[in-house]
Amino acid sequence: MNEIILKSRKRIRRESILGFVFISPWIAGFLIFTLYPIIYSLYLSFTMTGEGGALKWIGWDNYLTAFKERDFWLSIKNTLILSGIGIPIAQIMALLAALLLNIRMKHQGLFRTIFFLPSVVPAVATGLLWKWILNPRLGPINGFLEQLGIAGPGWLADPSWVKPSLILMSFWGIGGTMVIYLAGLQNIPNELYEAAELDGASSWARLKSITLPLLRPVTLFNTIMGIITSFQSFTQIIIMLDMDGGIEKSGLVYGLYIYTNAFRDFKMGYASALSWILLIITAITVGITMKFFREKTN
Amino acid sequence: MIRIGKKRKVTVYITAVLLSVLFIFPFLWMVSTSFKTQDQIFDSPMNIIPDPFVDDAYINLFTENNFSRYFLNTIFVTGMTLLGVLISSSVVAFGFSYFKFPFKETLFKILLATMMLPAQVTMIPQYMLFDKLGWVGSFKPLIIPTFFGGTWVIFLLRQFFDTVPREYAEAAKIDGANEFRIFFRIYLPLAKAPVATSALFVFLWTWTDFLNPLIYLHDDRMYTLSIALQRISSGTHYPDWPVLMAGSLLMALPIIILFFSSQKTFINGASISGLKG
Amino acid sequence: MKKTLILSILIFVLITAAFSKTELVFWNAWGGDEGKALESLIEKYNSIQREVTVRSVFAPIGMGEKIMATLSGSTVPDVITVWDWMVVPLGYRGQVMPLNDMLAKSGIDEDYYIKGVWEYGFYKGKKYGLPTTLNVSAFMWNKGAFKEAGLDPDTPPENIQELDEYTEKLTEYSKSGKLKRLGFDPVISHIYCYIFGGKLWDTETGEITANDPGNIKAYEWLASYYSKYDLKTKRIFQAGWGDVFSPLNPFLRNEIAMKEGSQWEILVAEKYAKPSFEYGISYFPSPDYGRDDVCNVSGSFWVIPTASKNPEEAFDFLKWLTSPEQSAEFSAALYNIPPVKEALESPVFKKIVDEKMQIYIDLLTNGFVYTFPMLPIGQTYLSELTQALADVQLGNKSAREALDYVQERITEELNKY
């Protein structure tokens, strides 16, 4: 009896040790390269830089200031709108694209490459192109609408159209997410489909009962990474609009707000506080998402 | 891979073609711009076929912008990063997926959380750290940390490893395999598709990374392609669009070729079904 | 055998010679032809003296990520190129050094520079950098558009009232109600604060004066331009404007008749305008109680990091680089104006001076020269001013309320520094 307990204890200990051995590269890297910058930024968030570069401890001031700032709330609102609408739609479109290009057909590889192309083209180039495409006066979209007798919207020149434009542009970059879904689709055994087919299941039923459930880990990955990157993103805004987030700050996102505070206004302390607020918001959102996925799985 | 009826196949094919037109457009536009002269860019309406058709931009890249040197630098940094990230991350991901150990989920949450802090505020303390190590001005800050795992890759691979049925490992154990063998012989081959996918993304990000090389390299001769492109577009006046596009294209080309040619590996990689029975 | 020996001795001598020199690292922010012009100046410096070798490294300024990171480390370059708005924040935080002593020692003072330029880069008595070249804004008008509207093409509006009238006359709509040409549209709003007799700060004390009566009047007038055109129509029209440095430049295409324009736009017109295009450059129109010779100056700076190991040598190099001859050469390459007086007379610079450029030089040398306040939080001030204008334009606040708020807010912020 005792021996069995001892043996299983030994096994558990061995497994723990092995687990730590395997993850040790990351732990080492975290302790050496990541921990210090993280703690330093936390420290900075309670300070401001004074004359001669001296850091002054100001307690919760930076955090309290943030809650009083109009731009803080505006950037949170803009980010939530863009992410809340953009992420689900982009996920669905990437998944649909992956399903489409998972069907055996001629030139499949070529199609996949083409769908992936916009993700490879540098942002400066796509930015320039989009500016032209969405140009309300000279661009092809409004030109086409005009021929149909419809007056096109102002796109980036109209504060109420800025967000739809940005979401529209993001669809072009679904190639990356699509590739990850494609990789996920390969892990679904063909036998499952064959068996379902024999049972006479429709393709919709197969998608619902086989593909989607088995794809859940990949979907969770894509959604979480989508949230993390979307909450921090801002480079596209700078290229397409400007440092203030375009007309009436309609594109002022949280990442941009941090960026301008850190590098344009030289308020590293305030920017650090903003970043820690973002970390908390992101962590809560990701936590809810994970819980949602887990409930679905059960 | 899904097989469907012939009639549907045609519909699907046509859909793919139509969508492709949308997705290939920016690329064609870049190719076209790169073969134009500075003045043609502003032609209205825009011509997709350049007339005259000139390759000055490409020649300019290699004669005046020293592109070959930057190619070599970028290849070096990207190659080392790929090596570092893939080896370390797959090991770590396996550790998180396969073993049970105390604080496992807490540690994994910390790993996820490190991605949630924007780089804007960790950038400077990170620089100070590498400065103390004496690495600044060399390729070390770009390469060495990658050997300690990339969070994105660890997360992705763990998601895949988690789906591998436990029975495979149990069966192997009965045959006397230890954990290292299980990792190399079962998990890695099964995760061919996600590992290759990770490689693609790590390649893409490192190859096009601007901020890290910009901050850590202090010598023109060590710069990478993305900084070279920045130089082209940072005259005080209007950037030289054909040269900028030609440079962007040359930069994107290796990734496109890599993706196209290695498709079979990472999308049609080994599936679990292949190992059954 | 002998040959090899001589050769190796020669190489040895050359190498030791090279190593005995101090190496100065210079961060150059320009690509293109401007970058090449600077490189050739540096080569010249390396060949005319024996004490130091300047090594130029391309370091784009961007938003200063590379600069801020590097300045937090131990190995720093000896000279960095930065935007003007970065100078005081970096200096105030002790990352770049005040040059007062070195300037005094070398006898460079106010008189060396064009009037008003000396203050550029000063904060509370310390001068943190030297301007590279200057950009100057003036009033530009399209003579052809004036003719079409029945105005005298050779006389620009003299006062604000005339400017408003001309704007009405020059603004043109198509039959379908779309804009064809905008009369005028103020962009750099702080210029008008000075034109209306106001000011943004007290250069002596460094205190800000956001709610100066002149500024309030300027804001009221600026807001009136917001309701002049139908907003949506105007924005869509403006979205179709191409980049200034392209043939789609709206001024050259007769899509805006009067505008604020910098001296380098002369070059743009030369390059992209139709031969029939005629335009004039002049001082800004101003109200009779305001200032009629306002000259806004902006540009980039060279600074020396506090952690530089060779500050004296770096300063000597900068002194040379900003000396009249080199300043003239570099400014000519950028189509900018040199900040030092004597450079204006240099034949190298004179080559690019035509009738139009001369107007800019006159404005700069005789006018009321101002730069946007260089404060430790200058950019915060600027974005608050922009926000205030938006509030006035949208009718959320009166000009006085909006500017009072900026005054209170920025003063409070500044007190922290």
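Worth pointing out:
Residue numbering begins at 1 within each chain, and the chains themselves are lettered A, B and C in the order written.
To be clear about the criterion, a residue touches a chain if its C-beta (ideal position, glycine included) is under 8 Å from a C-beta of that chain, and two chains touch if they have at least 3 such contacts.
Predicted model, so just to flag it, every value in this text is computed and none were measured.
For the pair chain B and chain C, chains touching both partners: A. Chain pair with the highest count of contacting C-beta pairs: A-B. Each chain gets one centre point, the mean of its Cα atoms, and the points for chain B and chain C are 39 Å apart.
Averaged Cα coordinates give chain A a centre that lies 16 Å from the centre of chain B. Separating the CA-averaged centres of chain A and chain C is a span of 38 Å.
Multi-chain contact residues of chain B (touching two or more other chains): 44, 123-124, 128, 233.
Counting only residues that touch two or more partner chains, chain C has 65, 68.
In chain A, the residues touching two or more other chains are 138, 259, 263. The touching residues of chain C, when paired with chain B in their complex, are 25, 29-35, 56-58, 60, 62, 65-66, 68-70, 72-75, 77, 242-243, 245-248, 264, 267, 334. Contacts from chain C toward chain A in the complex involve residues 63-65, 68, 89, 92-95, 232, 235-240, 376-377, 379-380, 383, 386, 390, 416-417. By the touch criterion given at the top, residues 12, 15-30, 32-34, 36-38, 40-41, 44, 97, 99-107, 109-122, 124-126, 128-129, 132, 138, 172, 175-176, 179-180, 182-184, 186-191, 193, 203, 214, 217-218, 220-221, 224-225, 228, 231-232, 255, 258-259, 262-263, 268, 271-272, 275-276, 278-279, 282-283, 286 of chain A touch chain B in their complex.
Residues of chain B touching chain C in their complex: 39, 41-42, 44, 123-124, 127-128, 131-132, 136-137, 211, 214-215, 218-220, 223, 227, 230-240.
Against chain C, in their complex, chain A makes its touches with residues 48-53, 135-138, 154-158, 244, 247-248, 259-260, 263-267.
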